[in-house]
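After this come two complexes, each holding chain A, first together with chain B and then together with chain C.
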Partner chain A sequence: MKAIIGLGMVLGLLMILPAIQYALAAGDEPGEYLDRRVEIWGLFYRLMIVAFTVGTVVSGMIVWLVLRFRESNPKANPTSYEESGTW
Partner chain B sequence: MSGHSSWPEWVYIGVVVALLCYVGAEAWNIERIVEHVPADAEIIKVTGQQWLWTFEHEDGTKEIGELHLEKGKAYKFEITSKDVIHSFNIHDYVVLLDAVPGRVNTVWFSPTEAGEYDIQCREYCGLIHYNMRGTLIVEDKGA
Partner chain C sequence: MVLELHKPRPIWQIMFSTHHTDVGLLYLITSLAFMFMGGALALILRLELFAPGTQVIADSMTYNRIFTVHGTTLIFLFILPSASAFGNYLVPIMVRYKDMAYPKLNAIAFWMIPPAGALIWLGFADFTWYAYPTYSVISAPGPAADMWIFGLKILGVSSILGSINFIVTIMKCKHPDLPLSKMPLLAWAYLTSSLITVVAVPTFAAALLMLLTDRLGASGFFNPLMGGDPIAYQHLFWFTFHPEVYILVIPAIGFMYEIFPRFSRKPIFSHGSGVTAFVLLALVGFASWAHHMYATGMSFTEKTVFMVGTLAAVPASAMHTFNFLATMWGGRIKFATPIMWAVGGIALFFSAGAGGVVNSAMPLDFITHDSYWVVGHFHLFVMGTILFGTVGFVYYMFPYITGRMYNEMWGKVHFILSFVGTVMVFFTQHILGLFGMPRRIYDYPPIPEWVQMNIIISIGAFIIGISMAIFLANLIYSSAKGKPADMDDPFGLGGKYYYPYQAKNPHH
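What follows is the complex of A and B.
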């Protein structure tokens, strides 16, 4: 478990640090010619990929939870509360 | 809930935090890059007023409702307003910035294709807001 969390943190840092470094460096360099349309729409599409990925994962998990833990699921087991009848 | 394994929750939290960091860093990065003006950019003073746009070039030339620019050259707009808040927009070049009385906002871009493009106000500014338009005319070098 700890190894997975550690690996996740390292991978996260490896992703974030270059972006921060690149962003900070941009303030010191002379401005370069660029096409705003390409940069801004590119950013938009990348963020849309993230948004739809998160949306798919979250809604997929909700659908799975609802189906898996419905009372009529053959695999459903009563909870300890349901078994004892006390709440 | 003793004995309950929590690793899926940690993975879930880790993925969400990583994605949020990515979104924030990427947006910040692009914003900084896009806002960084090239040293040789020509300054155009843009003034919004009900209900027209006025442009003043570095050499003092003024244009009303029309803006002539050269393809491939960088232009920095210094945008302000004489009366109420307007918003200067060249949709085709993703230029959009508020024109605020008493304040100068700046944005830069470099037109990449010759042609005519719409300039419009994007902040409701009164009765004729819908018609507060202009034309950006991008010309080839030396034309």
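What follows is the complex of A and C.
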């Protein structure tokens, strides 16, 4: 099993590394026209989409936790630690 | 704990005491005083930037002076001493020792701060809080610049002495029955941030000496006219001050590790992951300094190394955030003022971190570099995370320090106004940066988007100013006339906490 996982990791790396190298070297391809401004802003917007998506999930989780586990929530129950009085 | 108002003592007894809670109290009062002073300077800056043209500050030199002292004060005279304040209060109690390892050294470390603050405020230097050459070497007017350098030198020595004291107290004076694996996470926070200080700060101490001798004309380390390299200063500076970010934030996260379990009425979700994340942050803090310098002409390989080093902080930060959320999960949370600040702090911590990921990606850094995006990013981190954690902890410790309760309603008003103001100011600054407004400018052209956003930012800053005035009034009024606190359970949470808040190390 370990050998299969190891082989899988090596193959995965062999697939990822050329892709990374290709992406990093994209600007250096001879004869290829690259509008860096478009590329960079494109990267920015893609990262912003990721950040806002993750941010929505995390912020939503915080808001839900705050509402659900506040002591004034009708569903709130004493934690198991409150009985022993130590936490 | 000291109950100053229950057992009042002459102020000179506290001032010249070497007892850890007395020194902690001195640190706290001093740091809060500098917080209000530095914040007042920020309001003047925002008043000036409210609209294009000259508003309240006569010239750009005066603006630069206010700008420099604002940054220097809040970083070196507020955040660092406020962390030391609570460390002095709690670390000896948490490791079950009678005091700090070196009480006199502890008092000396504190008493270095007022003269250093006086040097910085009386000099009022104009070369910003990082004092980059060549301006700082060739043109910055003395004696203001030299007073700033001496002030920072003294503060650096104070930080190192304080850190050595924390490290020795924790590693050598800890009770033998208390293994490191069981030590509270706040004490771990002080151990890791102190270790970072001891490794990082001497580099800047050396850089300051080199800067001073350059200014005196005795050397030319950073002076291109004498064959020096100004970029070398930036490397020395950021080798200290990127780790410094973690020196500042780790205690604030430690404060949150005290607040979340207490108010959620359950233990921290994972002590081990908290320790791991602290240690990881301490390590990766040294692998990312040059991300502040992508625009200085580094090679692609160097930039890649520092980009990866910067991104390595993300998992550790995420571990803390997950730990806080998982601690709240399944709890019965009492939303008193301290935990409101802590929850707000994590929300803003995440936002600041997301902005940081954008900065660390080198192609994107070139569009945000030296723009208001960067101002928004680091202020969101420093104010949204560090100040929120610290202020929450001030409220948390208030009854233990004074023996009285603060006004809960005004504490919550303070939080809500500060949170709204912080979002208005620093989120808008990110967008303003994308619209191209450079940082550190005294005036700006009347571009409609810039004007609108600067107005929003200034209004947000004034809201924060009002909230801080409420905070100050609440602290002063409540410490004199607040309701006496139930010292066993001032927040009405029930239960016994895991270390004795009632511990009173005898005065000496």
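Observations
Quick note on the criterion: the second predicted complex is superposed on the first by the 54 of 87 C-alpha atoms of A that agree within 3 Å, B and C clash if a C-alpha of one lies under 4 Å from a C-alpha of the other, contacts with A are read in each partner's own complex, and residues count from 1 in each chain.
One rule holds for everything that comes next: a contact is a pair of C-beta atoms (placed from the backbone, for glycine too) under 8 Å apart; a residue touches a chain by one contact, two chains touch by 3 or more.
Because the structure is predicted, anything quoted here is derived from the model rather than measured.
Once the two complexes are overlaid on the shared chain, A:Leu67 sits clear of chain B and of chain C alike.
Contact with neither chain B nor chain C is seen for A:Val10 once the two complexes are overlaid on the shared chain.
Look at A:Ala76: by the touch rule set out above, it reaches chain C but stays clear of chain B. Once chain A of one complex is fitted onto chain A of the other, the partner contacts of A:Met1 are limited to chain B, with no touch recorded for chain C. By the touch criterion stated above, A:Ile40 is placed in contact with chain B and with chain C alike.
Of the two partner chains, neither chain B nor chain C is touched by A:Ile49. Applying the stated contact rule after C-alpha superposition, one finds that A:Trp87 touches chain C and leaves chain B untouched. Residue overlap on chain A between the chain B contacts of one complex and the chain C contacts of the other covers 36, 39-41, 43, 47, 54. Contact residues on chain A toward chain B in their complex (touch as defined above): 1, 4-5, 8-9, 11-12, 15-16, 19-20, 22-23, 26-27, 29-37, 39-43, 46-47, 50, 53-54, 57. Remark: chain B residues 7, 10-11, 14-19, 21-23, 25-30, 32-34, 36-39, 41, 74, 92-95, 108-110, 112 touch chain A in the complex. Put simply, chain C touches chain A in their complex at residues 261, 264-267, 304, 321, 325, 328-335, 343, 346-347, 350-351, 354, 357-358, 361, 363-364, 366-367, 494-498. Note for the complex: chain A touches chain C at residues 24, 36, 39-41, 43-44, 47-48, 51, 54-55, 58-59, 61-62, 65-66, 69-71, 76-82, 84-87.
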